[in-house]
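Structures follow.
Look at the two complexes coming up: chain A is in both, with chain B in one and chain C in the other.
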Partner chain A sequence: MERRQRREMAGKVFEAVALAATVFGLVVLAMLLFDVARRGLGVLSWSFFTSYPSRFPEQAGIRSALLGTIWVMALTALFAVPLGVAAAIYLEEYAPRNRLTRFIELNINNLAGVPSIIYGLLGLELFVRGLKLERSILAGALTLSLLILPILIAASREALRAVPMSLREAAFALGATRWQVIRHQVLPVAFPGILTGMILALSRAIGETAPLITIGALTFIAFDPRGPLDKFTVLPIQIFNWVSRPQAGFHARAAGAILVLLAVLLSMNGLAIYLRYRLQRRYQW
Partner chain B sequence: MEEIVLETQNLTVYYNGRPAIEGISLRIPRRRITAIIGPSGCGKSTLLRCFNRMNDLIPSARVTGRVLFEGVDLYGPDVDVVEVRRRIGMVFQKPNPFPKSIYENVAFGPRIQGIRDRRRLDEIVERCLRAAALWDEVKDKLHQNALTLSGGQQQRLCIARALATEPEVLLMDEPASALDPIATMKIEDLMRELAREYTIVIVTHNMQQAARVSDYTAFMLAGEDRVGRLIEFGPTQQIFTRPRDRRTEDYITGRFG
Partner chain C sequence: MGLMSRSAAGIYAARLQRGMATRWREWGELAIQGLLLFAAMVSVFTTLGIVAVLVIEAVPFFQQVSLIEFLTDPQWTPLFAQKHFGILPLVAGTFLTSAVALALAMPVGLLSAIYLSEYAPARVRAILKPALEVLAGIPTVVYGYFALLFVTPLLKRVIPDLETFNALSAGLTMGIMIIPLISSLSEDALYAVPGSLREAAYALGATRLEVALRVVIPAALSGIVASFILAASRAIGETMIVAIAAGQRPILTLDPRRAIETMTAYIVQVSLGDTPHGTLEFRTIFAVGLVLFLLTLVFNLIALRIIERYREVYR
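Here is the complex of A and B:
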């Protein structure tokens, strides 16, 4: 009897600990969001979005940082998505299962764990200096593309692997070539998963600061970036800059910019969830 | 004397260097239904998948011996595997329609062969759905997703889809094992109907089914070494009433398997 009580006691204690851990995480996050919202909501106005950075906190805005983020993200997606999806297709659908492909797979997984600042150093050497792209949007986008490629490849492979083998067999048995099987049957079914992976990878890139600082993205850009070779800044760098200023006015601006970044991130994730839900319903087995 | 469409000569298939079936020599007559029966793991499906080279998709599989289709070795150097699979269609155990419309399922084969003309595709889709005894049930919802059909309808759709590439042979890998008795009966009736025009090879471990639908029966068995071999081949009537081999008799009378 006593032993049973002790066993049940242990179960209850563990449940309580697990619950506490969950609550702790949520509470900290909620406090953080509340704090940022309290400080930042006040600065959100139309002029906050349309003004360039300034020496005077009350005039400073995120216009160039937001535009820079949009530019960099668009180019990153342009470079990373086709490469990542194609690499995933090769590894899942074409590559023979041998030592070489296992070695490649292992390294891709390792690359996903490399600290982002290392990618910054690589980008600095390769794109900024090697290809002489200077501190341009292009150099930033290429660097971030390298950073998210491993994530993209892993997510796309996951999506491809989830396509039932029976579907491929059905198409092969009708005399389809491997490419026809992939193009007409596998990719359409894997598409929602690939899309989700793509959005999640991009939402990782949008918050990256370290690699872009490493390649020399500026913090004070008082003009609109007009092309891929222009100098640029992005939201996280702008936030980093404002937070490191002594004036309280800049801290409020930073909080406002964090809210904008959070809003963009949340809507990207929301879109990913929505698309996955919408598209997967079409392919219920 | 029957006309022979498919013939295996001393066919052996290895997975990872280990034989799964060994020394199979078998002759499949034209416009007949040939059933391959035997207990699980005897290599029935492996044998069937040699006829349209589906074993090519398994990297560790290796085939020796010959598979002759209309006298040509399917594993010969000049053979186009895409062409083989177009002329020798396959229906799988679990209905596997594409997650697309009924129309697109049937049209896929012709489309990848480059047929674009809408009227011609319409004609092919209707002809194949009729041939698969599905037309009346789906003619008003051709553009509905194929996955909304019942299991039996899905399997008949898969048959229609296989017919659309105008094959000469239909391979069926336990086509009714995932279906209820009524859907099974429909598939069997359909097979009898299709056998007027097509050569059918069916793998089944339902002996009644083999006895009901097939003209010829091949009995396979894996020995202690887990290597599948052909034990006996002959007219279904003879296999089920006067088997020559003791093991065939034991199997069909339900003593094992």
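Here is the complex of A and C:
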């Protein structure tokens, strides 16, 4: 009997430890957010958004970084989304179970685990130097497109897989071709899932720093980017630059920029959850 | 007769037209399929591109620096007058930060996976799981900020001789970032263990803890190991945290209190500097990148293998 009690006791202790471990990460997250807010809330003002970077911390702002982020994200979405969705459609709806398909899948799974800085080296040689795009927004967007492609493909495949087979079979029975089935039946139903995956993949890209540093995105940009071939900087690089300086004034600017970045990320994730909830209710099986 | 033949010709023409339309449609279908296949092949081209870029730039490097020097020289000073090209200090730096990260993330991640899968009531799980995932969604540059400006000052109170840039803070912060990767993948593995195994153990009088430790974990071991390997690969390739908080001093040490340099941080350092392209100094980042790529490739392939295998077992 006593032995049984000891075993029960060990169980209770273990449960408490396991719960503590689960909560540990959340406590650290809270500390991180608190520290960023404590340091950064003070710098958030209208001029912080409208000023260019500066040697003087109290004058430095995120204007060019924010514009650069918007440019790069827009182009990344433009390149990566059609490519990712098309690849997902091929793998889910067309691909025969053969060696080539397995090889493609292995490639995608492995690419998802390649360090992002390696994509930077690829982008540097292929886009910046090979295609002579220089250190432009276009080169950055192409690099990030390749980086988020595996995430996009995985998310889109999941969305396509969730479409019931009966829907396809019904359309086939009416004499539709494969593409007609996909275009008119499968894609509309899978759309909310694909959209959610797209937003989540872009929220990964928006925080990426290392590959853009490697392709040579500059940190000091005191002008507005006007086109895809302009030089640029982005929010994470601006944050990196300010964190790396010794002055506390720049650390506060970094915290302020982090608040902006986290706010953008939060609204993107919120939008994804909302869209999934809103659009998916239309179909009920 | 004339009428007949005209209508026959009409039918024939209509048939021909329909045949043409069908043929066009078939061509269209084929073209679309080709385009989609091309999109799927982009991932293959990307892998090929990475390998090609790294090899093309690394080959001239290894023509000037012998592989033996690269792998055994204990000094890495390619940007100094007295040049040494031994990657060991960078590998040691990467190993050190990754080891610290895993020492934190493996136990914490596994414990939270066990809690979420075996203990947590459904409602608690529904809150805790996505909350933990938030940790994985925070940009790494933000973790870098946190490591340098929060964790290091905090640790300095306990460890007075901690350097401003050090492997310990960077590693611990990286460990926090990796927790959700381990807990999420391990939980999938634990969750996939059939309930009947648990019920059989309970029927023999085992407590919940005994079921978790002696039945569920052994059954899910391969998935847990895979999550650890993927976490290690992630830690090796992590860049911004170590570039901000671990330092830029490639020394061969295993003392986590000191400033070190990882392979990834070195690539960042050169990218930010003004080393001209095409020089031996610049090519070092491709040689380092090649080592980094091969290391993570091996880890990823092993983990993918294990995951594939254990999936088959429980289907």
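What we mean here is this: the second predicted complex is superposed on the first by the 278 of 285 C-alpha atoms of A that agree within 3 Å, B and C clash if a C-alpha of one lies under 4 Å from a C-alpha of the other, contacts with A are read in each partner's own complex, and residues count from 1 in each chain.
We take it that a contact is a pair of C-beta atoms (placed from the backbone, for glycine too) under 8 Å apart; a residue touches a chain by one contact, two chains touch by 3 or more.
Just so it is clear, the structure is predicted and the values come from calculations on it, not from any experiment.
Trainee: Identify the partner contact of A:H184: answer first if only chain B is touched, second if only chain C is, both if each is, neither if none is.
Mentor: First partner only, chain B.
Trainee: In the overlay, answer first, second, both or neither for which of chain B and chain C A:A30 touches.
Mentor: Neither partner.
Trainee: Touching A:R97, do we find chain B (first), chain C (second), both, or neither?
Mentor: In the superposition, A:R97 contacts chain B only.
Trainee: Classify the contacts of A:A171 with the two partner chains as first (chain B alone), second (chain C alone), both, or neither.
Mentor: The first partner, chain B, only.
Trainee: Quick check on the superposed pair: does A:L41 touch chain B, chain C, both, or neither? Answer first, second, both or neither.
Mentor: Neither partner.
Trainee: Check whether chain B or chain C contacts more residues of chain A in the superposed model.
Mentor: Between chain B and chain C, the winner on chain A residue contacts is C.
Trainee: Tell me the contact category for A:I108 with respect to chain B and chain C: first, second, both or neither.
Mentor: second
Trainee: Now for A:A74: first (chain B), second (chain C), both, or neither, which partner does it touch?
Mentor: neither
Trainee: Output the chain A positions appearing in both contact lists, the one against chain B and the one against chain C.
Mentor: Shared contact residues on chain A (touching chain B in one complex, chain C in the other): 177.
Trainee: Which residues of chain C touch chain A once you look at their complex with the stated criterion?
Mentor: Going by the criterion above, the answer is residues 25, 28-29, 32-33, 35-37, 39-44, 46-47, 49-50, 53-54, 56-57, 107-108, 111-112, 114-116, 119-120, 128, 131-132, 134-135, 137-146, 148-150, 176, 179-180, 183, 207-210, 212, 230, 233-234, 236-240, 243-244, 264, 267-268, 271-272, 277, 285-286, 289, 292-293, 296-297, 299-301, 303-304.
Trainee: Which residues of chain B touch chain A in their complex?
Mentor: 52, 54, 57, 59, 82-86, 89-90, 92, 94, 96-99, 108-109, 112-113, 145, 147, 158, 161-162, 164-165
Trainee: Which residues of chain A touch chain C once you look at their complex with the stated criterion?
Mentor: My answer: residues 7-8, 10-11, 14-15, 17-19, 21-26, 28-29, 31-32, 35-36, 39, 82-84, 86-87, 89-91, 94-95, 103-104, 106-111, 113-122, 124-126, 129, 146, 149-150, 153, 177-179, 203-204, 206-210, 213-214, 216, 236, 239-240, 243-244, 251, 254-255, 258, 261-262, 265, 269.
Trainee: Within their complex, state which residues of chain A touch chain B.
Mentor: Counting only chain A, the residues touching chain B are 96-97, 164, 166-177, 180, 184-185, 188-189, 282-285.
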